[in-house]
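Residue numbering begins at 1 within each chain, and the chains themselves are lettered A, B, C and D in the order written.
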Amino acid sequence: MKQQQLHVGILGATGMVGQQYIHLLENHPWFTVTFLAASERSAGKTFADAVAGRWHAQGDMPQKIRNMRVHTVDDIRAAKESCSFVFSALDSEIAKIYESQYARAGIPVVSNASAHRQDPDVPMLIPEINADHIAIIPLQQRQRGWNKGFIAVKPNCSLQSYLTPLYALHQKYRVKQVIVSTMQAVSGAGHPGVASLDIIDNVVPFINGEEEKTEQEPLKIWGQIEGNAIIPSQGICIAAHCNRVPTLNGHLACVSVSFANKPTKEEIISAWKSFRGMPQELKLPMAPEHPIIYRDEPDRPQVRLDRDADKGMATTVGRLRECPVLDWRFVGLSHNTIRGAAGGGILNAELLVAKGFIL
Amino acid sequence: MKQQQLHVGILGATGMVGQQYIHLLENHPWFTVTFLAASERSAGKTFADAVAGRWHAQGDMPQKIRNMRVHTVDDIRAAKESCSFVFSALDSEIAKIYESQYARAGIPVVSNASAHRQDPDVPMLIPEINADHIAIIPLQQRQRGWNKGFIAVKPNCSLQSYLTPLYALHQKYRVKQVIVSTMQAVSGAGHPGVASLDIIDNVVPFINGEEEKTEQEPLKIWGQIEGNAIIPSQGICIAAHCNRVPTLNGHLACVSVSFANKPTKEEIISAWKSFRGMPQELKLPMAPEHPIIYRDEPDRPQVRLDRDADKGMATTVGRLRECPVLDWRFVGLSHNTIRGAAGGGILNAELLVAKGFIL
Amino acid sequence: MKQQQLHVGILGATGMVGQQYIHLLENHPWFTVTFLAASERSAGKTFADAVAGRWHAQGDMPQKIRNMRVHTVDDIRAAKESCSFVFSALDSEIAKIYESQYARAGIPVVSNASAHRQDPDVPMLIPEINADHIAIIPLQQRQRGWNKGFIAVKPNCSLQSYLTPLYALHQKYRVKQVIVSTMQAVSGAGHPGVASLDIIDNVVPFINGEEEKTEQEPLKIWGQIEGNAIIPSQGICIAAHCNRVPTLNGHLACVSVSFANKPTKEEIISAWKSFRGMPQELKLPMAPEHPIIYRDEPDRPQVRLDRDADKGMATTVGRLRECPVLDWRFVGLSHNTIRGAAGGGILNAELLVAKGFIL
Amino acid sequence: MKQQQLHVGILGATGMVGQQYIHLLENHPWFTVTFLAASERSAGKTFADAVAGRWHAQGDMPQKIRNMRVHTVDDIRAAKESCSFVFSALDSEIAKIYESQYARAGIPVVSNASAHRQDPDVPMLIPEINADHIAIIPLQQRQRGWNKGFIAVKPNCSLQSYLTPLYALHQKYRVKQVIVSTMQAVSGAGHPGVASLDIIDNVVPFINGEEEKTEQEPLKIWGQIEGNAIIPSQGICIAAHCNRVPTLNGHLACVSVSFANKPTKEEIISAWKSFRGMPQELKLPMAPEHPIIYRDEPDRPQVRLDRDADKGMATTVGRLRECPVLDWRFVGLSHNTIRGAAGGGILNAELLVAKGFIL
């Protein structure tokens, strides 16, 4: 599809999600990393020096990245000269300041930060679910007086373990109520993140702000564009219990769900197995072949065994059984730093490129 | 209350729960261990030899137990001569064979096994909730032609983290629906139990038979004696998701609950703080002073920090907040091998002694 | 021995070691905590507020400490008014600045910090080994122009797992060479300390500065007072490999050792079992009854099973066997935040009180 | 080199090492699995049924293996008909019975079991070190009256973390004494292996028989063929401390070593970096490009970060520094179930094929 590589920048490149971007983009068929930005502390150093002793992604730091010079985030001029768009892995406070500056300067921003997730003119994308929300981008640009630049975001990592499987059923059977308990890995808190003394031989049944995101963001993702805004879905109600557990990667979700039209077990399994979205249709490079993998062993999905399914981009489901209180129960799992962070961001960018929003 | 020590036996003494009994009874004010029984493999050996290298309870093996001779479980005559009642920590298959033989021989059996939990004439006790169910014992004895001997059991360890807190509210506000996700420690599976290779850096969202017990046993505990049987409660409906997580001890439960009459937050906290049961009234030695400990920190209870509350016999609750789907949500925690196993069995025995069923 | 409680202060009270002091002193027969100091950030707050959500010691925060006001470390006047001596759990950089100011102001400082460990006129105490080094204190005071105040320190936590067992043999058989590999718990790095992402399913074979301390500090502890200085022992040579492993508490050491006069196995065991030091002689409250506990099971000591031996103050040894390269091999274990930190500091203070250095 | 695929069998195919063989051979350029054998319990079942719920290797069970029928180990006739040689992942007791029967029947046995490791006519291979020991095979065959069949073994997994790095130095500088402490992963004990209750938050300083193997097997590997036997090396002396730690995969070793001619740091690093063995020369498919990877970061190798280096077949070394007692210290790491088990076995088979011993 692409004649030549698109040049991309990474904001917050030295953090854990930034490093994950660098790792996943190492051999990407469309994108080449040409710009790295981080805080004052790293600015001016080579990436290798800036990250010394804190490289957390798999394998070794890619050779060609090691010697790249790290810019400060406010060096938008340099970004403009060297890349077509940026991935933002900035902390939300910083993202709030800089992401719109980049967009205003004409640089599309594909963001992992929560800063703009609730802006009604910013699409929050899980491309298998709401690829059509990218139609809001021209409205966002007009409204904000931006030209070529825009902001597109991805949702919180805790949703990925159950929202696509619910959506695959929602289309036909209408999800009404969801109660979900998540068991989330420590990598979700970045690095240093969770202190080992706080989590070895422990479960912490609280992650600040996580339950609110887990309950609210799905409504926007399932919403509709009306006028200049994405209007959240009103029909569904989600209750989340979010827990931190001593695992490294992979967020697991125990889900109970009720439907307007209760499907049969066979209908659910069939809906999951046959589910495909826009990324599969477009054969985007980062897209999992099967967005939802259904396993029928009684004890799957398991965090360590299934988190890497389809290069960490699939959601694995299992343990489908009736719920005595709502209608059905199941367990979902996804990889929080791949599908739930950098991998999800890359998929968003691929969609935006394929649809002509990034040139 | 007691003039002299009651002599007690332990069936399944060499297993993990049996060892926990020995540990917790080391300095018990009422009970002295005088009889130990286990499988053929251990029979005839001293306890120290039978358990060599497999002592899993806290601290060292009590000195006076080390040299006690281990009997086979079928040596009921020896049991009869040396003790007033027995704790049964047998595997359920074995329990099914022997517990009634002991009872028939006139020896009360206070059991942890699931073998007789669903017998309608066998009380399944959490003494703070259904101490009155011991009134079924004379009926059980008459019905089975037993004299002095009987069987009383305790429920599965997974309930203890949330059932007493629900009961404290049920009395006034009527619990209707419960969805609970448990995160259960590896000690719940005994020793060797869960292989380290299966649980380090992992969550296993399945424990064989656990969800069924977690959903059914509460109904009997909340039931009523009618005629010769305990009739399970019909008004409540429970859905359980049971997970094994990499913690050593302590089962945590995330609970969503609806009520016939929805209480206020203050009413719930007040009901929990003021809750006392028969063990507290009778000042039983193993009874926690406060059966329910409410913590208002946003991130408590935590497994490692709260499992030992009130010598491992209390249930700690926290994170009380409204549930968008049902009425309220909270997190409960209890120690699975103390309150949920041997400690709970000892409390049952204390109740039965205090009420004159064991002499 | 003591008529009335001595008033004590804790510098660095809000940190992990400071909290451990508060926990261990809760019911101390000699000492009452009357002064708490920490950094600017905590100053003026109640201890409960200053530590909110970061209480890491066992059990709950002692009630009487919760409402105590936290001072800044430089409020030496307040310390002077409210306590007889202070425990210092300050970071070494801060300790370097303030400990001598306290001593100069007439307040004895019993320190865990490494700041003054290598000062030749400061005793570095393991009271079972070198209680006699307190004789340097009058020289320290004279030399530094201090009156009543002084500094006494304890060594690094990594030594405690093997140095007392070696000393028990050294007296008679002369230790010559030691190669020791430590496996150290995450609590040794304080809180937040080691990131969970860095240590779950991992071993990190490096702890900054730890091997140097592990090799050098024993020489001073085994040294002699000559003139105004403690002169390190010259006869022994130690090589240390220090590793961080995913355990919460307890430092384990694998030791190979050679002697001037190689003892027999029986002589070693006998020396360990019979070893007693000054704290045992004086029956100091925090002293373990047996400073060295020898276990003959083939797989002991184990970190989780043995770290709490004798309230966490004993060193447990086992696996004694000949070494094909040096003379003997064994495994040692001690609790790094009790014996190796606050418990060790308290024992030092008890010695200094018993010997009349603190009044 | 190979025209067509060699057919291979796996004895003990359902166990953990057997599964690892199946996983690693899935796309092997030379070998195709055509025969699977296990105990009576599995015999007659498909592999998928025999292993149901106990698949522990990475990724899913290979599709073409799922439906293969499992034979009993004593079905040597079937083996003879369907494969050119077998990998043995049998327990040692069983291996002792069957491996020579296979060899006698003309089937070469490439074994992971310890049964024949000390037979003087059986080569114990680390092909980078002692590929020349395969010259004993004709003598073994003659001596035992075997024709075409023979037994070749690999050493214990604990050696792989340090023996090749020592050998790379031994050639020129002569290793004299070694003291090594290992920190070994739970997968080394197979499945179920180490109980989670025994190792979470713990270190167990004992692995039955491991220290003996760790000390003795290197002597044979460094030995010489004389007459009909491999004569162990006499010049070196090894002392091992073997520990089980809570990691999943990867054995780490802390090594102190003395030499006849003490090399400089530069000489050591140079010897490691330039080291190549027969597998590299022959470009065997499973051979790591660099058998020894030297890292100069102060905190590497780390178990989780480095165990997979060069597809799990390299040994990573680091932390090279002088030893105050012996000459030098370093840390070594290798993957125990790849290099230390199935991967090492495959490399041995590749060597034997390349050298014409397996046709």
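Just so it is clear, a contact is a pair of C-beta atoms (placed from the backbone, for glycine too) under 8 Å apart; a residue touches a chain by one contact, two chains touch by 3 or more.
Keep in mind that this is a model prediction, so the values were computed, not measured.
More inter-chain C-beta contacts link the pair C-D than the other of A-D and C-D. Averaging Cα atoms per chain gives one point for each, and the point farthest from that of chain D is the centre of B. Our note on geometry: chain B versus chain D, Cα centroid distance of 47 Å, whole angstroms.
Taking each chain's centre as the mean of its C-alpha atoms, chain A lies 41 Å from chain D.
Annotation: 43 Å between the Cα-based centres of chain C and chain D. Looking at chain D, residues 200-201, 246-248, 298-299 sit in touch with two or more other chains. Taken as a graph of touching chains, this assembly is complete, with every chain in contact with every other. Chain contact summary for the complex, chain C toward chain B: residues 53, 200-201, 297-299.
By the touch criterion given at the top, residues 56, 186-187, 191-201, 246-248 of chain B touch chain D in their complex.
Touching chain A in their complex are the following residues of chain B: 177-179, 181, 183, 201-206, 208, 215, 237-239, 241, 243, 245-248, 252, 254, 256, 298-299, 301-305, 318-319, 323-326, 329, 331.
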